[in-house]
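Here come two complexes built around chain A, the first alongside chain B, the second alongside chain C.
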Partner chain A sequence: MGVKTGEVLWQAKQKCPGLVIVPPDFKKYLRFSRMAREIYADYTNQIEAFGIDENWLDVTGAEHISGDGEKIADTIRQRVKSELGVTVSVGVSWNKTFAKLGSDMKKPDAITVISENNFKQKVWPLPVGDLLYVGRATKQKFANRAIFTIGDLAKRNVRDLKLLLGVWGETLWQFANGFDNAPIRQLGEESIVKSVGNSTTTVRDLVNIEDVKLIIYVLAESVAVRLRSHGLKCTTVAISVRNNELISFERQGKISTPTFVSGDIAAKAMELFKANYTWDKPIRSLGVRGADLVTADRHIQLNLFKCDQSDRESLERTIDSLRERFGSYCIQRCAMMIDSNLTGFNPKNDHVIHPVAFTR
Partner chain B sequence: MSAVEKVFVEVTAKHDKEGKVRPLSISWEDGRELKIDRVIDVRRTASLKAGGLGIRYTCKILGRAVYLFDDEGRWFIEM
Partner chain C sequence: MKIFCNRSQLQHAVQTVQKAVASKTPLPILTGIYLEAKNDKLELQATDYEIGISCTIDANIEQPGAIVLSGRYFQEMVRKLPGESIEISTSTEERTIKITAGNSQFNLLSLPAEEFPVLRQINSENPIIVKDYCLRELIKKTVFACANDEARPIFTGGLLEIKDQEIRLVATNTHRLALKKDSLESGSDQMKLIIPAKILSELARLLVGEDAQDVTLSWQKNQVGIAFDNVYIISRLIEGQFPDYNKVIPPSYTTTIEINTDEFLAAVERVSLLAKDGEYNVAKFNFTNDEVIITSNNPDVGKAYETVNATLSGNGLEIAFNAKYIIDILKNIDSENIIFSLNTELSPACITPDNDSNYTYIITPVRTN
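Up next, the complex of A and B:
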């Protein structure tokens, strides 16, 4: 009928009048995810989640007990089907990138094996967009340089790719060639976020407090957004400052109540800056970091003399959802208009945030 | 083809020291207490007919083999 993933309901109903709509049940989803992981745990202790319904398993050590990768994959596929009543698709390979790629190649209830002998035939003809972490933007950049398939990417000179995409270019080239050797985390080794920070080297040196204020607001907003998306609040704000002779320092201070409101973080950052910088040199780079994180929904000691925070918190959440729907620039602080050259960057999205799994 | 029904039932079970569970009888809708004569097989599986999943006890009740599912504490049978 032509109904696609992510389509809105009324459109889908137009295409398919008798459409039966089943409400999602996230709890059930989590439960099945957990049960599937319990099955995986029978074969290895190296299970790394990629989203809620995908996992990487390193079964290297289990070969003598449970058979080779393909055998284990088949057992898991059958067990999940009979014990949970849902189907899984498995990719078997010697690295994470190709395993993920393989799992997407044949669906549902199927196994794809990508070995060092056949990956050139199986993987290289695929469109480059199928490769993990090649999204729309990267795909476009590749298309401009006549890189259309994964093979095209693999055969390119890695130096050119580095010029095009920076370090990430080299990483993707390694993925395409099967050189990805990132380990799979052990169970329970999940990293815990200790702080959330952003920093930037500005397009021109900052010469007065106004410049600094603009940058700090941009950074504080990004930090605040990321805190909110992780469901965290910070109780300490830290700034890092580097002048044009590349001499840097860091200062930090506590705030009275945990917060993820950008205004609070920016105010504290400004206070720290004013107290610690003497303007003997212009500034080259600035950073803002929120540390001593606590979960956002925990109980807090209310301040007798300060008004309730929750209005400001919901205001910021509203801004988040506006930006999500209409883009980062649909709503911004008036100060951002003063010098858009200086503030026209988005620390959250412009920086490729390397997925933890690959960079650690 | 008649649709397979999922009927939730009250179960009397024995939980032993090892944490093993053995259902002993089920209370049927009409008030009868049906004794489970024998548990033939126990495995974790999905109920593809009735929908749902859990630990499936294949039980012999009144000479018939019946699938009794323990879905995390809620018991049902496939009819």
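Up next, the complex of A and C:
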């Protein structure tokens, strides 16, 4: 019917009048995702999450217990279906890129095996946009150079691709040829944090600066909490903005002293937003990120014109412990009460997507 | 245009205006030096729209006119030309300019003079007149304290304040603040200007005349004009509200220490060699009854320890500072001894020369964990 991911409901209904709309239940989603992971853990300890509902499993070495990759994939598929009542699609391959690609090829409740013998027939005819990390911009660049399928990409001279996309060109070429050898992380292994960010697609489009301010404060609070829990401060704040036509951009700026205080992060984010958005379209989604992280326990050069930050820092720490004991809504900024529909989400608990560390 | 002028005078004029020649600009005309000849005077001008400098010298003018020459080539050429007299003449049909000195002759392509944004002098009703040595001292003793990062533009300039026959220049990067005062001979209206540090430094460089002379400052809206000798500088001002610096100067201190300036400077410089820790040069100062113990500790490199004799009145104190901020001020103090005044290990401290109550330097400590 032409209904796409990210489309608003009324548009989807216009395209498909009989559309059945099921309200989302994010908590349930997360719970099932966790339960599925428990099943995966019966087969390997190398489980790496990709977003909230996808995982890579490295089952090398488990063949003599549970059978080969295809066998394990089928067992998992059946177990998830019978134990959780949901269907999964599995891609089986010798590298992460093709495994992900395979999982998307046949849906739902299916298994696709991409082996070193058949990948040229199975993978190469696919449009290049299906390859992991080939987004809209890269796809356009490829199209300009007559690269339309993954096979086109694989057969190109790697040096030309390097000229086109830099280091990334070589990486994508390796992916297309199945040379991706990135390991799958061990369960519980966390990568070094490089930046801390939260983003959200809002329940309704944001139409003015007041709306934006609310969301930025919610996101900044979550970023600040997470910075504190890692014992870090950020020296750069970045925002990402996506309008209702799904066009997005990111802007970033430095702050004068490293901080994990939500007010400082939100103020910088607002400054960046005001300087960069012209309100030609309403906003669908916003993100706030703290980067250039430094440890929080370093020396602090005091400021002549600002009072000592330590009071504000301990205030935020106090709020953290209050929330830990009495729940995240026990203490809120007043502004959050203005439109609790809009701000009634908790990015820290609900929306933390452990990022994809693909190239480490 | 056809003129004759003295080479060393011309060289001086070119050097004076050269700092205003734009190097990176989308407007090619701003990379040039403007020369205008009339009434036995040759005026040179350059501007990058941030700062504009004009310098006028005597010349023997046969035919008046105005031209613009490539700043870079003209400046290098004038420096190397032989002889004492230089002839500059234009040939309109070729759009080139002929420069002759001794046996050498150059033909430089000219830029379109009508495109050059000729500086307009500012005429304010009550200009301030200040002696050049006084202004130079104000600038040299404060400008180093300005901020470098453009994120806070207001602190990339110095605040020039005039009030009740007193002239003050204040500079700060929010972690340290330098304030220098002087008295004016003639009274003036109150005023506050924030002048970019770059322009202040440039002004201090140009104010080196041997004889004392008057500097006239006039301003309007967001521009200030500075006139002295044969030079006129026009600069943009930084707009915004400079925070109230009086508030950050502590009214009283519980501890004061007198230390020999040179000994203290040398010791801090040595100790700071091992003080690099991240972006701060943190050195600890332990003020006791008869000495200051200065230490630094860098786990990756090693430790430093040094003592300097001092006379303390009040309570002893241990406090950490960014050593660079201490070195900066000590280098600018000419008196034999300094007075270091403190309150607590987390409140701003003050350093002043023992013989000059018009010079104040406030520094914030570093909170160590």
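The rule we apply is simple: the second predicted complex is superposed on the first by the 185 of 360 C-alpha atoms of A that agree within 3 Å, B and C clash if a C-alpha of one lies under 4 Å from a C-alpha of the other, contacts with A are read in each partner's own complex, and residues count from 1 in each chain.
By definition in this document, a contact is a pair of C-beta atoms (placed from the backbone, for glycine too) under 8 Å apart; a residue touches a chain by one contact, two chains touch by 3 or more.
Just so you know, these numbers come straight off a predicted model, no measurement behind them.
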**Prompt:** After superposition on the shared chain, which partner residues are touched by A:E83: those of chain B (first), chain C (second), both, or neither?
**Reply:** first
**Request:** Could you tell me if A:R136 is touching chain B, chain C, both of them or neither one (first, second, both, neither)?
**Result:** neither
**Message:** Tell me which partner touches more residues of chain A in the superposed arrangement, chain B or chain C.
**Reply:** C
**Request:** Identify the partner contact of A:K28: answer first if only chain B is touched, second if only chain C is, both if each is, neither if none is.
**Result:** neither
**Prompt:** Of the two partner chains, chain B (first) and chain C (second), which one does A:K254 touch, if any: first, second, both, or neither?
**Reply:** second
**Asked** Which partner does A:H64 contact after superposing on A: first (chain B), second (chain C), both, neither?
**Response** neither
**Asked** Looking at the overlay, does A:K194 come into contact with chain B only (first), chain C only (second), both, or neither?
**Response** neither
**Item:** First, second, both or neither for A:N303, with chain B first and chain C second
**Value:** second
**Item:** Touching both chain C and chain B, counted on chain A across the two superposed complexes
**Value:** none
**Fill in**
Within their complex, chain A touches chain B through residues 81-86
**Message:** Touching residues of chain A toward chain C in the complex: what are they?
**Reply:** 253-256, 294, 297-306, 308, 310
**Prompt:** If you look only at chain C, which of its residues touch chain A in the complex?
**Reply:** 149, 151-152, 172, 174-177, 243, 248, 277-278, 280, 282, 320, 322, 346, 348, 362, 364-369
**Fill in**
Per the touch rule, the chain B residues reaching chain A in their complex are 43-48, 53
